[in-house]
Each structure stands twice: as structure tokens, then as C-alpha cells.
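Two complexes are shown next, each including chain A; its partner changes from chain B in the first to chain C in the second.
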Partner chain A sequence: MSGVAVPHEGGVPHNDDGVPDPGEMTGIPRTAAPPPPRPPLAHALRDAGIAALVALGLFIPLVGLRTDVGPSGGGLFIRTRWTDVAIIVGLVFAGRLALNLWESLRPERRAPTARRTALLGRIGLLVAPVLLGFAIALPFLPGTSRYVLDLGILVLTYVMLGWGLNIVVGLAGLLDLGYVAFYAVGAYSYALLSTTVGLSFWICLPLAGLLAAFWGVLLGFPVLRLRGDYLAIVTLAFGEIIRVVLINWVSLTGGPNGISGIPRPSFFGLSFSAGGGPGSFSDFFGLEPSPTHRVVFLYYLILALALLTNWVTLRLRRQPLGRAWEALREDEIACRALGINVTNTKLTAFAIGAMFGGFAGAFFATRQAFVSPESFTFIESAIILAIVVLGGLGSQLGVALAALIMIGGFEAFRDLEEWRMLAFGAAMVVIMVWRPRGMVSTRTPSISLGKRKSISGDLVGEGHG
Partner chain B sequence: MAYALQQLINGVALGMIYGLIAVGYTMVYGIIGMINFAHGDIFMVGAFISLISFVLISSGGWAAGPGAILLVLLVSMAVTALYGWSVERVAYRPLRGSFRLAPLISAIGMSIVLQNYVQVAQGARVKPMESIVTGGVELWHGNGFAVSISTMQAMIVIVTLVVLAVFTWLVTRTPLGRAMRACEQDRKMAGLLGIDTDRTISITFVIGAALAAVAGTMYLLRYGVIDFYIGFLAGVKAFTAAVLGGIGSLPGAVLGGLLIGLIETFWSAYFSVQYKDVATFAILVITLIFMPTGLLGRAEVEKV
Partner chain C sequence: MSTPILPTPILEVRDLVMRFGGLTAVDRVSFEAARGEITAVIGPNGAGKTTVFNLITGFYTPSAGEILLHGRDGQRPLHATPGHRIAQAGVARTFQNIRLFPGMTVLENLLVAQHNRLQAATGFGIAAVLGLGGYRAAEREAVERAKHWLEATRLLDRADDAAGSLPYGAQRRLEIARAMCTDPVLLCLDEPAAGLNPRESEELAELIRLIRTGGCSILLIEHDMGVVMNISDHIVVLDHGKKIADGIPAAIRADEKVIAAYLGTGDDDEAPSPAVEGAA
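Moving on to the complex of A and B:
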């Protein structure tokens, strides 16, 4: 110890790089001498000890003292759980220690050589086709059960929602925390149009998209002047308003009970009734009637819708509109100066993003045959936004990967009930801290001089407002 | 008239709670320019810590008097402040200087973590607590309607005012407050002048969390039931209050909280209870669209 590691009196240190406090902040700041290397183990142990102390303070009240309603229905009583606290504190200590030792002992990171980058790039190019091939082949792979197909449908729904939101957040740079509102508009549009007017799914699908786009413009118009966090909060408020209206407008939406008995889609007029019979899918193609047909059909339907979203996004990026979105994201003032109509550009981004949300909503309604406001809470918006940001804003592949990992991982821990949501939130924090630019942190510019190449996500002004 | 007066009293008491939470939002926004999405859940944690402390005290055979309430308040403030500090340390500090969305996503993640952590640790059922502060004073009797102010409401107002007075003194008169205001104006320059900005930001989170703990304790005493989900709505409303008052402005946050409390109470009393949240959200939207700087905020000048 060379006398630099000043022990902190009680409490917790505020900077763990060992630099002593500047004191009372009076006088001239001292010239900081470069701190000499410390024995890593002692430092790591001390730091982990402090972390454990903090954890002790955090977990004693909330974990150690569990309040329960008494058996007689009377007041609350306390049940102590000291072993749980001890386990958690031990885990925090061990985790922090391991992290510290890893930080100080790991080998210097080698600078990425050109060959390695090229290799990674080639592997990266392969990922998308392989994923697509896997997605197309999934229903016919051996060992694919009904459960796997249902999970695939769920993941693809989120992929589609992520890609839809990516238009708004990733391309146009408008932070939308109320995207689930358009999902809800799509779902309720189809539910209401089919149950009251009796329109079929294939007529309602574009209608649901149009209605959602209309709402996108309607909600987008007032917020044209807002940016960044303010925009996020206002869109959150819109999302909540729509949900509260759905709950309370009982005569139209059925209130909290929702709408049930929503018709299932048909395959060019052929129904998927389980019993077969004339006019059904299995009868027409001479197959054994099976409920799996409908699931497979729904799977391909959402795959097609998701790919449509992706295709439209990729095409739009090459057109003036998509380029205007990206320019708007980078610098709104420069955009105005160059004569881009900012109002129209923002509104089209809201409208097109909302339209795909509406499509996904209509699909959701027909798959569940039931919609209720419970499916459209703020947490859904947060999950979709998390998928987009964790995957890497603006990166189509990243969004798909993030949806696969987050939703697939989420479902894999289905038995853990409350714990999995805890893990989901923790994963959001950890991924953000680990890779703030998302899992795929390179971007491909829409236009480049000469050869197209990937650039770092840090060079892109996403999410500025 | 009597009815309106009663609603005024109810609204002020509710608004004080919102104001206390809103101060936390506005401070953090002022100093690092991010919406601390987990702040509503910090408020919820504060309410839970108070609940646990109260149960602990009553099972220890203590009578729940003013001394007990004060003790609970202090315990709750201390532990919740530790939570606020840890959240900043774990989820926000590594992302400082990162791009803008990263801390917001991290904060949303932290909010989900806190909610589900409390749900796992304390159970999903609502936690009832018998009221400790009872009684009240009838102020005025007119047209068969009695206007009264309960001891609880009086206590909320007094405690809030005392806490805010201490807080105002802290921000305006102490070296710490000076450092906070300096960081708010220009973090880089403050750092160059020898202010430990990381520590100042940590302390900001600690103070915000302690104020949220006071709000949580008051909420628990006033309503008597809490669950792990109370943080979301209270958080959004308090944020609305901060925006309405002008984000970054501390008196604005309290003023905004009072206004939101009054609007919500009057809306529930005269229009419909179901749509009271819509009323609050609508105010948020209208404020931001027509008056983005809020009532007491400064206009932001953008330099190109």
C-alpha cells in the first residue's frame, strides 16, 4: 500500500478510483498526480466489502422483513428472512469481487485488426439470411411443437412492432413511449369492425392500419414542436389516455372485460375449423383436419407482415422520404435550412410507424380472439422500445435479435412468474450499461461515397429528439 | 361553497405529496438532463419502508405517537436515500456522457426492477395499515355540509412545508447547494473549478429520494393502503407537476404539484372519477404544447 488508498470513514465512497476527496472545494484544485498502481486484490476486496455493506442496508428492510396480512384478516405482521438477506449480500460481495478482479486482471484489449473486422463483418452478413431461413423453415423442422410455434408467433409479433417503432425512433429520431396506443387502435379496430359490422380479417387488416396511421397523425400533430424527453412523456401520456378511455368507454369497448369472440382469419376464404368439413382448409387440400394448420398459418401470416415491415423500411430508406427522416434525426435545424418540410416528415414517420403497429394489433386481435385494455399497458410500450434500443436503433437485424433474446428468454422462464419480469428489467439495465448503442452497434449509412461500409453507432445522432 | 372549500383542502394535501415527488424529478432533470423514470418507484419503496417500520414498531409494543412517526420518517428517508444512491450508481453513472436514450432506457429498466423486486420481496397483495393519525377539526358548518380539516391533512401540509424549508435552505445557503446549482448551470465548468460533479449528482439523487420517502410516508398515513404499483401513476403525475411548474425550477415543482393535486381533486369532485387520470395527462400534454417551459421555467435558447 503506498498510502493512496485513503480509507473512507463509514458511509460509502463516492469515487472508487481511489482519488482522495478534493476536500471542502475551497482553494485551487490540486494537480492530480497519476495514481500509482495498487495491489488489485486489496482494492477489490475493499470495494466488494463496501458493496456488500450497501446491499445489507438495502435488503434488510425489504427482503429481511416481510409484511404479511394476518391469518385472521387483521393487521400486518412481520416474518423475518435473514437467510435470504445473507444469501443476497453474499452474492453481491462475490459478484462485485469477481467484477473488480476481472477489471484489473483481464488482458489488454487488442485493437481490432482489419482482418478480424472483416471476418466479423462476413459473419454478420450471414446472420440475417440464416435467421430468415430458420424462421421460414421452423414449422417444418422436426421437434417443432405447438408451444414453439406459439412462441415463434409471439417473438415475430414483437419483431414486427420493433421494426415499426424503429421507423419512428431509429430513422426519424422521434422518441415514442406510447407506441402501444397504435397497437391498441389496430387491435380494437379489427375487433370492433369484425364483431359489429362483420367484416373479414383481410378487409379489416388495411383498415386497422389506416386507422392507426390516422391516429398517428392525430397524435403526432400536437407534438411536432416537442423533442427528446418531452416528446417521450407526451407520447406516454397519449398511450395512457387511450388505455383509460378503452377501460371506461364500456358501451363501445366492453370496458375492462374487453371484446371476445373475435373471428379468426381465413385462408382465401377457407376456414380453419377444427372439425374439417366442407369449405375448410383441410377439406380443400385433402389433409387430415388438425388445429396445427391454423397455428402454422398464423405463424406465416405474422412472418409475412414482419417481412413486409422490414421491406418497406429498407425501401423507404433509399427514397427521399427515408433520407429526410434520417436527416431530421441528425439535425432538425439544418433540415429546415435545406428546405425539408419538417412537419410532413415527422407526421409521415408517425403515420407509417403507427400503421405497422396497427397491422400488428389486428393480427394480435385475430390470434387471441380476445382483446382487453390489459394488453396495452405502458409496460408493453417500454418493452417494445427496449427491444429497439437494446438491439441497436436503426439496425433491422439488431431489433430482430433483441426481440428473439428478450421475448424468447422471457418466455423460457415462464415458470418463474414474478422473477422473470425482475430479470427482464435487470437485463435492460445491464445491456444498456454494457453496450449503450445496443447489441448491434454498427450502422450502415443509407448513402455513401464509393464503397458502402458500416460505421459505429456513435457517429449517428439517434434519439436526439 | 362549503363543498368547494373542502375539496380545496383535500387538493392541497394531495398536491403537497405530488410536490415532494416532483422536486426529485426536477432536481435530477436540472442537473443531468434526464427523466429519472425510476423516481416514482423510489417513492413506492419509501412508502414500503415506512410501512415495515410502522409494523415493526407496533409489534414491538410501542404506541404510535408523534415520536414514532418521526422515527419512521427518518428511517424511511435514510433507507430510501440509500436506494436512490444505489440506483444512480448502478444504472445511471456508467451511462453518463452516453447518448441520450441510454439513460432513459436504463431508468425504465430500473423502474421495472424496483417494482418487481418489491413485488417478489413483499408480495403482490395490497398492504393495509390501520390509520394512526386520526381526528380533525371542523372549520365551518354551512348548508348542512361541514368543512373539516383532518389532523392527517394538517400534518401533511406542515411536514411538507418544514421539509421544503430545510431543503430550500440546503440548496440556497450551503456550499453543497452552491455546488448543485453550479453543476446545473454547467457541469463541465463546475468540474474544472474543482467541484466533484459525480458526488454532487449522487447527493442530488440522495436528496430527491429522501424527499420521495417523506412523500411515501405521508401517502401511507393518508391512504392506509399501498401496493408495489403505486409508484407508476404517482410518478407520472409528479412528473407532470414538475413540467407544469417548469422543469428545473424547484418552487415550480411545488407549485405544479399543488396545481395537479387541486385539478385532480376538483375534477373528481365535479366531473368524473374515472377520467381523473385523463385530466392530468391532458394537462401535461397541453402544457408541453403551448407552454413548454412551464409556469416558472426558463426558456431554453438553442445555439447553432
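Moving on to the complex of A and C:
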């Protein structure tokens, strides 16, 4: 029986040489044969079947069963909709199957080569001037309706808010979920100062920014020691506190009724009254009085404010302060060891971010001529943060693109009615799957000895709060 | 052999105590770091070396005791100085686990280190945003200083690369260059040779000597006995939070207590002594 392992009770199987065979002892096959490649179709079918089962479990209670009021008006009865369930489950099965087959059949994903990166970089260089040119020319393009201009104003407001929040979240790495609070402070500052004291928009604008910055510092102090999740929760609470105060301090803010009749801005003292008349913009320039003038003016106003935000941010990034913000995002402890006053650096980030939020708020108030706490709910903070994250933390261009897609896209889906939120959510998921670090994930160095090379987003820190 | 007394030491540590709850990590430790010399702090794992470093650089506040720096502007009690002020007073440090700004370029890392000098030139940031004032000159000077240290650490050709993309040894050197850009009088190196190969360790020793020649005193924590015995002028040995020896390398090599601390008491004859390791 030589050559055959003879197992006997309590014995160890031996091979030819009488050496205990570790493989047989532990029951592991000696040569680990690679598993045979699964036939793609069978695997895809199995996976799609599982997805369909999950969908079935989900949609039986959600779609299959529905309670309706009885025809005689008395009591509820359960209506079943099995065909709808079958259609949805079938769709899930087919979709999952198609996705699986596509995954297995498409060629290997190419690693981003240096050439491709360089090409993308060159395209990226073109995107910003093209977008800027388009933004400047928009009011004069043929086919630009009042609706498009209003949408443009809305998008630019969010671009500005995104750029403002980008200082706090993208550069300094401090997760702020209550940014809308500063927007509210700016809006109410202008609303109150103009309606009670009678100051003009151009005086109130810097005041609103200063007040918002002041509140930014006030928020900054208690949260200096907090990081990450804790910071996010406290800033979230701060945003809500401001809103609740606005609702409840009726004598000052008008409570839920808000403040109406906020004066519109003037163009160097020329008003935009619809009827024309002496001292109005149309009268001075000899134009036909038109409500479009004011919209165009507001459009350029927010464009200028947004560009100011961008300019200051870009300049600050190249200053010691901006570099300290980014260093803070990368490693706070190392910053301290280098003698950087972490407290002041964080406070300036909060204050400057808040200031631009305040500017945007003052603009919002003068554009709407009405403010109420309803405009400053948490969802606004969430949208602004989503713009920053989807655009790419720290990237000015990315934030502008994300604002365009998020706000403009949301309007574009208006025809979908109740499916709008679904399309919106799907778009966000697609962006995050496709570009997990945001649309523009690379970082441009603030200074260089030779040629400026962009830095891969994988190396750049996301901040620890 | 004790420290030469004639010139004032750069750093005086007196009866330093640090307790974490019930644990006394540093127990009445006193030593001096002489000006213009390399002082090494050694000891087995958990001896309290890094805690002493964190106390000196202001990351912890001592439970008791004094730390005095005799820097450019006279004597300064570091135990009562906030963290970022200690760096401004002229104490720079590196970390046991490298702490660079990985997403920023090598040059940016070195400019962040010169933050305070540059920030002073910006006039509260406003002048710099508008492009006014002497900021440009200050920045040029900062870049020159950065270039000097990049050359010293042989990183000049990597100046525009992200710090996180450098190989390990280069990251260690960059951390030293960054600390030197703060223009310190005392450089504290926490295990700078950890993870380096023998050739890199030798280069590191060379760099540390160069820094000393430049007039900066050095405090060093190191496990690599080759490096320690080779470059230190003076060695302080800690064990279980207490100082057990203090002297020149040759004296430390022969010290009974040090050998016992490193190898445990008892059968001394079986294991090689640290002196042998150091000589190897």
C-alpha cells in the first residue's frame, strides 16, 4: 500500500516520504486550484434574481397594498395592486441584469494616464472662462427670458453661498451644517436696517456682512474645540437656533409673518420704478420703462458679489492665512507645532465664510423684498453643503459647476413633477459614484518653484472638523 | 560627567512631573540641554520620552515642575506658555509618526512653517489680498529660506510635488526641513531615524550635524543606538518615567543601570549589551 495515505484511528496521514502532510491534516487541498470562472450570464441572472427578490420584499408593502376610503364614505379598505408590483420587480430584474452584463462585458477600466490628466487639465482651464463669459453675456443673449434671468440669479446666489461655505468646509476643513444661519443674519440685517432705520442697500450690504461675520465668530468660539461629528451637530443646532429666534422674537422680526416691503436697491441713486418717472433708471438713460431692467441689474449685482467672493478666496488661498486654513484641514497638530494660532485661524475661516453668507443674505432680502424664517430652514444648509461636496471640497470651479447642476438641474426637472426629487437624488448618487471626491477633486498648489502641478484628490485631506 | 556649566543651557527641565489619572508617566525628571549640542533622550518603550517631548513642546501641561528655555529673548517658562507660542519662542519639533500636510506641496509645507513671519508682513491679510505692502518681498525671502532647507535635505527637485507622494525617507527629511523653516533655537526630533535604512540613517546623522553647525541646539529621541552613540554630545536615559542616567555617550554605554533597564536585571551575560549594539 505504499504511496497511499492510510488513515487510522488517531493517526496522521502520511505521504510517500512518511512526512506528515499539512494539507491533508488540515483538510486543505494541496494545490489551491483557482475557482473556475463563473459563466457571466448565470452569475448575472443570479444577482439580478436576488435584486428582484429584495425589490419584491420592499414593494409588496409599499406599492402592493394601499388603503383607500370606502366608496360609501365609511371605513378604509385595502386595495391590492399586484400588477404594479410585478412591473416594478420586473424592471428591477431587467435593470440589474443589464448592469451586470455591461459590467462583465465592457473592457477593463483604463487607469488615468498622465496624458489624459493633462488633457482634462487643459479642458478645465477653458471651462472657467467660458462659464464666466456666458454668465456675463446671459442677459443679452437672444431668447433669454425673464424666467431664465430669475433662474440665473438663483443659481448665482447659490454659487456665492457655495463659495462662501467652501472657505469653511473646503479650505479649513470645518464641517458646518448651519451655514444658512449667516444667510439669515445677512437677510434680516438688511431687512431690519432698511425698514426701521432707512439705510440704503449699499450701506447695509457691508453692515450685513459684518454682522454675519460677528455671528460667525460667536459661533466659532464655542465650537473651537470640537471636531468632526460634534462640530457638525453644534453648527446644525446653531442654524436652527437662529431660525427659532427669528420665528419667536415677534416684536423685532415679525415672527412667522416675516418682514415685507424691503426697499429695492438703487443704481447710484436711480430707482427701478416700473412707471419710469423722474429720477428713475429708465428716465435717466432715456429708455422705455421696463421691469426687466431691475432683473438685469439684480443679475449683475449677484454676479459681481459672487465674483468678489471668488476673487477674495483665490487671493486668500495664496496668502499665509489661506495656506494656514489648508494646513489646518490637513493636520491641526502639526499646525500647532509650527506656531500657528489654531484658534485665530479657525475663527477667521468662520468669520470670512459667514461674511459672504451675510452678503448673499442681504442680496436675497433686497431681491425678494420679503424675508421670513421659512427661507432659512435646514434644507438650505444641506443644499449648500451638497453643492460644496459634489463640486469638490476646496475647488472654486467645482462649486460653481455643482451649483449650476443642482439648482439649474432641479429647475430643468420641473416637468417631471413629483418624480423631480427622485431624479435629483439619482443625479446626486450618480455624481458621487462617478466622482467620489466631487467633480473637481484635484487641488492646485498655491505657489510653485517650477511648473504648477495639480495634486490628486487622494492625497488631499478632508478635514477632521 | 555632567553638563558643562559655563554657557547657559538652552533648555532646563526641573523636577518635571506628568500624571495621567493614576499613572505617573514622568516622575521628577530634571536635565539640561546644552547650547549648540545634541542631547539625546533614550530609554525603553514606555519610558516617558515622548511625554517629555510633548511637555516641552506644549502639547501637554505638566502636573508639576518647570521647563525653562533660554532663547533669543531671554529666559522663558515653557510650562506656562500656550502651544503655538512655544513654537514662536523658537522650539520646533518633528513627530514620531510623520505629520506633514500631505495634500500640499513640499514648498507649501515649508511656507506654512513660516506662517507667523509671513502673516506679520500681510498687514492683517487685507494688504496682502489687495497686493499691497512688503508682502511680496517677505514671500520671496520665505521661498529662499525654503529653498535653502530643500537643498540641505536634497528635496529641491521635489519642491512642487505633494508631500504625501514622497517616499518615506524623504518625508522624514521634509519634516525636519519644515521644522527648521520656523527658525528655531531648539529642534526636538522624535525618533527621526525610525524606519530608515542604514544609509538613510547615516545621511540623517549628517543632516543633524549640519543643523547643529548652523547654531541650532538639538534634542533627540532615538531608538537607533548607532545614531545616538554616533552623534550625541550628551545622553539622558529615562526608564519608567524616571531619569536613571545622564552623561556623555561613553559613560552611558558603561552605566550598569542603563544596561539593566534595557536588558532587564539578571542573566546579563547571555544577551548582548547596548554598547555592543551601538558599536555594531
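In the analysis below, the second predicted complex is superposed on the first by the 390 of 465 C-alpha atoms of A that agree within 3 Å, B and C clash if a C-alpha of one lies under 4 Å from a C-alpha of the other, contacts with A are read in each partner's own complex, and residues count from 1 in each chain.
Definition applied: contacts are C-beta pairs under 8 Å (C-beta built on N, C-alpha and C of every residue); 3 or more make two chains touch, one makes a residue touch a chain.
Bear in mind that the values here come from a model prediction, so they are computed numbers and not experimental data.
A.B. asks: In the overlay, work out which of chain B or chain C sits against more residues of chain A.
C.D. replies: If we count touched residues of chain A for both partners, the winner is B.
A.B. asks: Looking at the overlay, what does A:Q319 touch: chain B (first), chain C (second), both, or neither?
C.D. replies: second
A.B. asks: Contacts for A:T366 in the overlay, against chain B (first) and chain C (second): which applies, first, second, both or neither?
C.D. replies: A:T366: touches no partner chain.
A.B. asks: Contacts for A:F378 in the overlay, against chain B (first) and chain C (second): which applies, first, second, both or neither?
C.D. replies: A:F378: touches chain B, not chain C.
A.B. asks: Output check: A:R336 vs chain B and chain C. Expected answer is one of first, second, both, neither. What do you get?
C.D. replies: The answer is second: A:R336 touches chain C but not chain B.
A.B. asks: So, A:N100: does it touch chain B (first), chain C (second), both, or neither?
C.D. replies: So A:N100 meets neither chain B nor chain C here.
A.B. asks: Looking at the overlay, what does A:S266 touch: chain B (first), chain C (second), both, or neither?
C.D. replies: In the superposition, A:S266 contacts neither chain B nor chain C.
A.B. asks: Once chain A of both complexes is superposed, is A:S280 in touch with chain B (first), chain C (second), both, or neither?
C.D. replies: A:S280: touches no partner chain.
A.B. asks: Take the contacts of chain A with chain B and those with chain C, and give the residues found in both.
C.D. replies: On chain A, the overlap between the chain B and chain C contacts is residues 333.
A.B. asks: Help me check something: in the complex, which residues belonging to chain A touch chain C?
C.D. replies: For this pair, the touching residues of chain A are 312, 315-316, 319-321, 323-324, 326-327, 329-331, 333-342, 348, 443, 445-453, 455-456, 459-461.
A.B. asks: Can you list the residues on chain A that touch chain B in the complex?
C.D. replies: These residues of chain A touch chain B: 12, 14-15, 21-22, 24-25, 27-29, 54, 57-58, 61-63, 65-69, 75-78, 169, 175, 222-223, 225-226, 228-230, 232-234, 236-238, 240-241, 244-245, 247-248, 333, 378-379, 382, 385-386, 389-390, 393, 418-419, 421-422, 424-429, 432-433, 436-437, 458, 462-465.
A.B. asks: In the complex of these two chains, what residues of chain B are touching chain A?
C.D. replies: Against chain A, the touching part of chain B is residues 29, 33-35, 45, 48-49, 51-53, 55-56, 58-59, 79, 82-83, 85-86, 90-91, 94-95, 98-106, 108-113, 115-125, 127-130, 175, 179, 193-196, 198-199, 202, 232, 236, 239-240, 243, 274-275, 277-278, 281-282, 284-285, 288-289, 292, 302, 304.
A.B. asks: Going by the contact rule set out above, which residues of chain C touch chain A in the complex?
C.D. replies: Within the complex, chain C touches chain A at residues 57-59, 83-88, 92-93, 95, 99-105, 107-108, 111-116, 118-119, 122, 125, 128-129, 131, 135, 139, 143, 147, 159-162, 164-165, 178-179, 182.
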